[in-house]
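Chain naming follows the written order as A, B, C, D, E and F, and within any one chain the residues start at number 1.
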Amino acid sequence: MKACKRVEIVIEEALSGRMAGRLDELGAPGYTLIPRASGRGDRGLRRGDDPTGTLTNCVFIIACDDDETVQRIVDGVRTLLSRSGGICLVSDALWVRH
Amino acid sequence: MKACKRVEIVIEEALSGRMAGRLDELGAPGYTLIPRASGRGDRGLRRGDDPTGTLTNCVFIIACDDDETVQRIVDGVRTLLSRSGGICLVSDALWVRH
Amino acid sequence: MKACKRVEIVIEEALSGRMAGRLDELGAPGYTLIPRASGRGDRGLRRGDDPTGTLTNCVFIIACDDDETVQRIVDGVRTLLSRSGGICLVSDALWVRH
Amino acid sequence: MDSLFLANLSSPPLLFFFLGAAAAFLRSDLEIPTQIAKFLSLYLLFAIGFKGGVALAESSLDATVWQGLLAAVALSVVIPLLVFFLLSRRLPAADAAAVAATYGSVSAVTFVTCTAYLDTSNIAWSGHLVAAMALMESPAIIVGILLYRLKIAERAKAAEAAKGPEAVLGAGAGNSYDSDGISWRELLRESCLNGSVFLIVGSMIIGAVTGSRGMAQIHGFVGELFIGMLCLFLLDMGIVAARRLQELGSNSRRTDAPLPLVRLMIYAIVLPIGNAVLAGTLALLLNLPEGDALLLTILGASASYIAVPAALRLALPEASPSIYLPMSLAITFPFNLLVGIPLYHQVLRWALST
Amino acid sequence: MDSLFLANLSSPPLLFFFLGAAAAFLRSDLEIPTQIAKFLSLYLLFAIGFKGGVALAESSLDATVWQGLLAAVALSVVIPLLVFFLLSRRLPAADAAAVAATYGSVSAVTFVTCTAYLDTSNIAWSGHLVAAMALMESPAIIVGILLYRLKIAERAKAAEAAKGPEAVLGAGAGNSYDSDGISWRELLRESCLNGSVFLIVGSMIIGAVTGSRGMAQIHGFVGELFIGMLCLFLLDMGIVAARRLQELGSNSRRTDAPLPLVRLMIYAIVLPIGNAVLAGTLALLLNLPEGDALLLTILGASASYIAVPAALRLALPEASPSIYLPMSLAITFPFNLLVGIPLYHQVLRWALST
Amino acid sequence: MDSLFLANLSSPPLLFFFLGAAAAFLRSDLEIPTQIAKFLSLYLLFAIGFKGGVALAESSLDATVWQGLLAAVALSVVIPLLVFFLLSRRLPAADAAAVAATYGSVSAVTFVTCTAYLDTSNIAWSGHLVAAMALMESPAIIVGILLYRLKIAERAKAAEAAKGPEAVLGAGAGNSYDSDGISWRELLRESCLNGSVFLIVGSMIIGAVTGSRGMAQIHGFVGELFIGMLCLFLLDMGIVAARRLQELGSNSRRTDAPLPLVRLMIYAIVLPIGNAVLAGTLALLLNLPEGDALLLTILGASASYIAVPAALRLALPEASPSIYLPMSLAITFPFNLLVGIPLYHQVLRWALST
């Protein structure tokens, strides 16, 4: 097991493709994407019920053991989030190497 | 980045509306809801396969930087969980402000 | 509230049944399973779009307050992951008893 | 008698139910995605509601109709009472109330399968039976909850009288329900505005309003597809019912189960038969024609496994879904489908011919 | 006049829209799963595209066709300009541009409902109107984005001239758009290759290529099911539109809302009527037959709530979806469905007969 | 020859496959939700199984039938052997075994498209070919796994003989398979009770049992909708296949790819042609009529991309899905659809006429 950061990002689903591309550019070692979440935040309720995907969220999970990359991800993701809303959490975790 | 608590609640999907209302009342700054999870716990297997939603779970994620609110959420959520089952985990995280 | 470990496993959906069985054998007190995730890792992109479920992931969340069991889970899960890919993260959390 | 059974058992919908059950027992990974299952069930409610409404528009709203509807509502009030008094000594109050609500209500798919059975046998039935079905969902839930509340209040009073203030605190746990949970307004909403009930009633009204003109527009959808969609839905129900049955088996080994497996299974077969006798007798007393009598009987005999469980999880979360759900879904539902429909039919025929 | 309204209001699709809205207002838990709603909308695009293509293959591609198509494209360029100039003083530039794009574009479901209305009324319409609809989606998006950019650039210049270098930095926030976001190539892709646009254009081409031979193969799918699937989809749209309307009400109490609720509602009714006048006049000038004239009018009057919002979230994320989405989805859409179609029809009839 | 190709290429299902592929290549966001895609594939298996069963019930179960079934099973055993011996030097054993299983098995959608092709061309075909298809899924998987095991065991023995005890430990990694993974019972279950296989076999049995009486009940569902549903499913397959092809391109730039892209593509075209020759020759030897001969040929030529990959992920997780999946899904599948069917047909015609 190896110490790492677990980054978790909630963003609207319409922007998931752009976020994935951004993560690739920023050098994220990988990510997992959970689609079709709903939620509530400063921009009101997103019920995940409309046919546009505009009011639907998704969750990205990124494990990253390189602190510099984590910082790059956090900075790179911030601009996307500030324009469209969403949250980004960073926490400590142990990565089980297999 | 700001220290916060990450609260994670698993509850059956039929009660997701009630839980969301409860979180609003308790002053949660927001939440993200992942629907259609399955699971196993003390009340047996919930396969997420039945047409009632009774045997389906969902996952709430709440980021909250106010310790009092966290405590209120934890207490307020406990009664709902004790009647219907489910789990609630609290962990430390950093909230990336954008 | 009680200290516990939060184990999070990403594995391809086709293997979710086997993983659930393995967790039962290893004595996990319970688990929550979020289906239909997508992702990217060493084995490339899994878009979650194909009809086989081969290129789809799922996420297991396990709360466990017994360190020995956690160790057993981590060890037992490692072999499955090394053959099929995926990740396993372990972090600290507090478990709200209800 | 045999011919009715065989004809029933060899209809495609029933066979697909068996196929689903076989898949689950053999542990095949065959699976209908949940949203598809939901779609199929929405479709069935939509179609049966619309067809019932159109039939209703074409029939004259005479005394028979009102009698039928009243009989149905009466059944959905009386059955839960009977079931609760039968079970309240053997089960915790919440569970007894939940089972009572479940059996007082109806299974739309059992009803739908029965109409398909009648259509295949060329036996006429009236559209207002769809209205009867829709009317039976809600009262049973409300009666069930009321019974539970009365029981709790009664216990609290008894405790107060007998043992003093501390006990009341214990009973208060039951009452924390109020503060914690559901208001009467919410209860009414959840029982009467339940999605399934709402869709079937709404489709029926729209069917009645637009009549045969509306039917002409959507016949290709609600008519031609009906049996095929029912087959797919029953395939899924077969899978789900068989899984619940398996889990029932493995759970029953746990010693803390509130109801031993065998007893639960017996109840789940005795209750529909008893209710069928009640409903069938009522149908005979009202002189309903063969098709309608069978439908009223099956309404009495069937137990809800979609609308009621959904409402109960909100209104009565202390009731364990691992009792009422497998009883209605894994035992009563297949029992009615496979044995009940032809059996009740046979008996009704015999009674009508004497 | 009344008869048109009543006939429209008593058609099954409209009634199911009402049913959905009622479900949401009464807080029933009736819900169409999202993937099913997506399926229904894909089906409608597939079917209307294919049918339009087959009709196109059977018609002669004469001047009328080209005129109609040109008129449609012209509308989708002119309408956003007008809307933007009307709103750009009252709303932030991004929001004004988003509303402009929304109303310049079209709602496929409104169009589809209008064709069903015409079919029920036995009024002919031409397949190339489907092509017209498809052509109107993209230009409006592009014009909207262009307008926003021009506005931003203009402001930056004004700021530079008036206040010196610092202000430019502020304006640069608007330009960070470029570095951060979307390239022109992406914009073209997102407006022209949007899933909805792509499917309808593709199906139309396939319909035109395979003609009546292809239609014979899939008529059971795109023909017979059409109204039924439309009913289910409008049931969902009713739910979603009513929810948005409710949220609009509760959000408007917040003081920081950029547009007071009443004004937003007025715009959402005035804009379609104004655009209908524009489009209807054009249709009359072009001497289009009754059915085609009504369709062109509804194309002008309707506002997109699927394709454009999806594209705008990518191309203009600073525009708040809580303005353009409820305007088009919760107000303009039901307005056109319930009042607009028969109203425009009545006026066109009157104009055609004089 | 041209006319067969053109007729094939201008059928709606094929054109929708192209449309999907175009959407993916142009990076449109057109997408069929996964549960809908699953529903469409369940529907196709359900419908083709049922129709095959009904046809089977109406035919006499004579020698031709048994010969056809035997031939199919023989093919699904022989093809993996040939493929494995061809590839086992060029690929790791697990991957070679997986490709062998994939090509020994069949693609239900290719089969279904071929029946639609025959129907449009008014060429008769026999229902028992559906049974043949269903029978071919499982043996190929089992043969593939067996081959892999033999190879591993053989290597372990060779290593033991040559280098002593340590090497055995290395080979043991392959055997950890046993302790870790799958038992023979599980393997049988996963190959024979795979959801797709189960549904098609089950529907076929139900179709055979209920015969034309059953067909009358669900004809509107399995008959009229069939081509339309196939169009939508192929639209999705077009999207998915094109995406896999693109990823193949970008992955192949990685130096650690076990198989260079060009070689992989060549195999994915040579294998179906070789297998088609084998199967076609067998069909001619058995004197099958034109339609049946083409179907047996396409069964040989097609490769599984649903049932087998699903089973292999469980039984052989060390095989990389990024080899066998794109081969069968992104290259062989479209090849058979676009070129294979008319090509094999042309050759068979020529052979039958000489």
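Please note the rule applied: contacts are C-beta pairs under 8 Å (C-beta built on N, C-alpha and C of every residue); 3 or more make two chains touch, one makes a residue touch a chain.
A quick note: this is a predicted structure, and the numbers were derived from the prediction, not measured.
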- Query: Taking each chain's centre as the mean of its Cα atoms, which chain lies farthest from chain B?
  - Reply: F
- Query: Same or different: at the chain D/chain E interface, is the fraction of residue numbers used by both copies above or below half?
  - Reply: different
- Item | Length of the line joining the C-alpha centres of chain E and chain F, rounded to whole Å | 43
- Among chain D residues, those touching two or more other chains are 29, 31, 34-36, 38-39, 220, 224-225, 310
- Query: Among the residues of chain C, which are close enough to touch at least two other chains?
  - Reply: 34, 36, 48, 79, 91-92
- Query: Who touches whom among the chains?
  - Reply: A-B, A-C, A-E, B-C, B-D, C-F, D-E, D-F, E-F
- chain F residues within the chain D interface of the complex: 34-36, 38-39, 42-43, 46, 189-190, 193-195, 198-199, 202-203, 206, 209-210, 214, 217-222, 224-225, 310
- Query: Okay, in this complex, where on chain B does chain A touch?
  - Reply: 1, 4, 6, 20, 24, 29-36, 61, 63, 91-96, 98
- Message: Could you list, by residue number, the parts of chain A that touch chain B in their complex?
- Response: 8, 10, 34, 36-42, 48, 57, 59, 74, 77-79, 81-82, 87-92
- Item | Residue ranges of chain F touching chain E (in the complex, touch as defined) | 10-12, 15-16, 19, 22-23, 26-36, 39, 120, 220, 223-225, 227-229, 231-232
- Message: Please output the residues of chain A touching chain E within their complex, sorted ascending.
- Response: 12, 14-15, 18, 36, 43-45, 47-56, 79-80, 83-84
